[in-house]
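Single-structure report; data block below.
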Amino acid sequence: MNIEGKKRIWSDYQKEIADDHFFYVRSCIRQSFFPGSEQFFLNLMRNILKKDVYENPAHTTCTGIAYHSDIVPSATIMTVIARHFALMKESGYKNIAISCVTSFGLYTEILETWKHFPKELEKTREYLFKATGREFDIPENIAHTSDIIYKFRDEIANKAKNTLVNKETGEPLRIVEHIGCHYAKMFPKSGVGGAEFPNVLSGMVEAWGGKVIDYPERRHCCGFGFRQYLVQANRGYSVSNTEKKFSSMKPFMPDMVLTNCPGCTMFMDKWQYTIKEMGGVTYGADGESVPVLTYEELAGLVLGDNPWDLGLQYHMVQSEPLLKKLGLEFDSTDKYKTKNGKQMPIPKNLINV
Amino acid sequence: MGKLYDLLLEDVRFEEGLKACMNCGVCTAICPAAEFYDYDPRKIVDTVQKKDEEEIIELLKSETIWYCGECMSCKTRCPRGNTPGFIIMALRTLSQKLGYFTESEKGRQQLAIKRTVGENIFKYGYCAATYAVNPHMHPEQGPIWEYILENSDDVFERLGGQINGIGTGPLRKIPQEALDELKKIFEVTGGTELFETIEKHSKIKASEMGLQFNSEGTDNDYFVEVYTANNGTHNAHDT
Amino acid sequence: MMNGYVVVIGGGVAGMEAAGQLAENGCLVTLLEKEDITGGHLNNWHHLFPDRRNGNEVIEYLHKHIEHDNITLLKNTIIDSVENSRNKFIIKTTLGKELNADAIVVATGFDLFRSERKEEYGYGIYDNVLTSADLENRFGTSDLSLKNGELPGRIGFVHCVGSRDEKAGNLYCSKLCCVTAVKQAIELKEYLPESNVFCFYMDMRMGGALYEELYMESQEKYGVNFIRGKVSEVGESFNNKLIVKVEDTLAGRPLKMELDMLVLMAGMEISEGSRKVGLALNLKTGENRFFASIDNHYGSNRSNIKGVFYAGSCTAPMNITETISHARAAVSEVMNYLKKC
Amino acid sequence: MGKFGYTISKGRQIDYESNDRSVAEYIYDNEPSFRLCIECGCCSATCTTGNLTKFSLRELQILIKRGENEHVQQNLKKCMLCGKCILVCPRGVNTRNVVILAKQAYQKSDNYAV
């Protein structure tokens, strides 16, 4: 493996990412399954990096999951997204920060479609006006929230309380990245580092002291497949694809999986549980499972946040083995407490406990 | 040129997705569906580009078009600039418009998706939301999921969430005016019509199959059937 | 007898052949070559298809060909600008030299497609992914070892790397890669008889004299395997094997295979040097970015500028036989033109 | 199906490494023309079984080479050994003998049950 070859590719995909003044749109899955991640992103941007990030209370789903399961027509999703552009315009913002890879892919795709088929843009303007009386401008800059953390990765490294190094061995942590298909596979130029060797997560890992592990099924889909997960009868597709990825990465003994897309995070976490239940198979060292973290959760650990404020305890695969490798001090008694310190029940049958 | 092919051409995704295929198989080589279903995106593209009316009808009624997971990995690599995933999306849309989707087990599942994710959009303003992911329908979410649902207020409060709160924050309540706008957008752009089409044809199919059908919700035999049925013929290697 | 001043741009196969023939026909020729040596890509080619003769034999012929009193060879010379005054040309080189010409032969040739642009194949990233040109060099030095020093047991050839591919910006077929792959596969089997060799192809385009026969020989005598499908991606396994993913299209099934070495059959693109010469001379290019002739059938040597003629692979991918024929045809066009001037 | 209502599927991908290709080797040794196939499909086009069922002799030969023994064994018996395929093969492959040798190889091998 030759890193110089990758660096040459990365230099071809220097994506422009805005520096400040973001209009933030949330992800259905990230906020439902990893609310601590979205909250951390806003805290990081506003309180640590001192950036202006605005969330408009009237924004909604982009309908992407429904669109990619084919129950929503393209005219509908274009207009829903146009409504978000209208809210942006009304709030005086030109840079959009998107918390979801499915949404990000759709925003990118729709803007491309409007370029190639200007009639679709005109139709969307009419639809939106007819439905809501709103008008919109096309944003100047589109970024996934991971792009923004990538952009500020060195600032984060400068403020780091922890580095991604195994404290016992002194070796960098072995981290598998998973990008999420819709980030750059459709439009390689829209992602940091392109589609084949994306740099958006590997750039963070390296800046924070870890080592990125490449493995044969790195580019393979996590297995979501929209309708292939949403309908129970199809979930064999979903779990089988995840299984394929994990068996491919297993010989590399990764310490953790770092994900870009909220759906991938959820599936790679939950399917490890399912696969273990189905046949006892696990993919980490010593029969453990591999913790799967969002980039916000990892950035939070690097900056010294309390893992239980980030929400690591609400994954199926628990992170203690990782936290121990990192040499982090954490308070186990604080794990399942409310914001006000009241003890909650302890969940049973989690993994890696 | 056949009539169905013309209908497909009205979909910009079809126009964008199909240039000319030379059957190189670069899409199938990395397609997650080609591995776990009897599915070959190359063959779909090749069939469609023949413009044969009968073969297209057969596709619209088939299980095959419902196997794709829309990961769009095919778009990255195609040396002819085709996007098999877009072609699939156009075929699925047309299959629903014409009511052919209920002819296949996988196609009939559109009702289950409409009744879950689709309804979530109108009810909550989200495709997926914590409180809408029922652990009985999602056992793979594991014990942590039941725990989170039982303790959602405390969990969200600690993580900075705003579950059903007014204002901003993770999983805040979407204001009624915004939900009304969404609904209006669906009406103006054909979204509502597609929902109704799915309902209409599903109802007909349910009566053909002799299954109890309610006009809403997940608690009826037809829903349970389409949500769970797997006749085991979708992957020859599984048998 | 002196029939005119002709400048030939490019000292590869086409330029050398054209210069030699023009000199024979009584022209005073200046042959310009940007590098320190003449012969172009042929210098890097160990053995030629289909008969696998030594590439040096052809180079020797060409070198003798340009040892002529009427030929002035200027090496390390790049064109800076060209003045065209009623079809009399004044060519200025970057070293400040001025040359007068009654006619110009453009023989600026091709570049090999830069295989790292097909990112999914990992050239320059994964050890043991080579290009066809790299392999040819390895044949020259008889070193076929892998990065770890061992000899490869299983080798794959990927056809159409940078050809027939809109993602690479090239929709055309480079024409020579199929036969090159077959030739190189045979040579590999001669070096490493125990190895298994696989060619991953979309169509076997063996449209030259004795090419199809070579294809058959590779199967019959050498046991080379052919799998119809374009390789989709390459990865590296834990034990440093290359993993290729392809659809075995004629079996209708995706296929995954481990290889020790992968050879990318890099296609041909008009050379960077051609682009610059094209700008200086105002030459038209086609959609494939090669120089566009005024007529595909009876004018393939003629450019859109009176007095400027094409020879060789600056107009389209060509093998050596075709290049030499094309250069001779260019000379015939130049002689007819000079007669009329 | 257990408590989840679905299982992990067996992939359709041909995993070249995990396949046993000794049958192909046996045929190469005894019918070298087997190597000459260019997968043109003339054999399948003329094949009576192929015209009436999903059987494809072209595909079968490829899958023998890949070591997809389960599929090959299921399909070998469909060939009626009429030999029309030999007449049309442009590369002179003795396709009929390929089928006969494949059957022989499976019979000889302990690993396979025909």
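Brief remarks on what is shown
Think of it as A, B, C and D in the order they're written, each chain with its own count starting at 1.
Throughout what follows, a contact is a pair of C-beta atoms (placed from the backbone, for glycine too) under 8 Å apart; a residue touches a chain by one contact, two chains touch by 3 or more.
Owing to the predicted nature of the structure, the values given are computational and were not obtained by experimental measurement.
Note on connectivity: the fewest chain-to-chain touch steps from chain B to chain D number 1.
Pairs A-C and B-C differ in how many C-beta pairs touch across them, and the larger number is found at B-C. The chain with its Cα centre farthest from the Cα centre of chain C is B.
Chain A and chain D, compared by their mean Cα positions, are separated by 45 Å.
Between chain B and chain C the centroid-to-centroid distance comes to 49 Å (mean Cα coordinates, whole Å). The geometric centre of chain C is 40 Å away from that of chain D, both derived from CA atoms. Chain D has residues 3-7, 9, 11-13 in contact with two or more other chains. Residue positions of chain C with contacts to 2 or more other chains are 120, 228, 233, 248, 252, 254-255. Residue positions of chain B touching 2 or more other chains: 30, 34-37, 76, 140, 228, 230, 238.
Under the stated contact rule, the graph of chain-to-chain touches is complete, every pair of chains being in contact. Touching chain C in their complex are the following residues of chain A: 1-2, 4-6, 8-9, 194-197, 214-219, 251-252.
Across the complex, chain D is touched by residues 232-237, 239-240, 243-244, 274-275, 277-279 of chain A. For chain D in complex with chain B, the touching residues are 3-7, 9-13. Residues 204, 216, 219-220, 223, 225-226, 228, 248, 250-258 of chain C are the ones that touch chain D when the two sit in their complex.
On the side of chain D, the complex with chain C involves touching residues 12-17, 28, 32, 35-36, 38-39, 41, 58-59, 62-63, 65-66, 68, 91.
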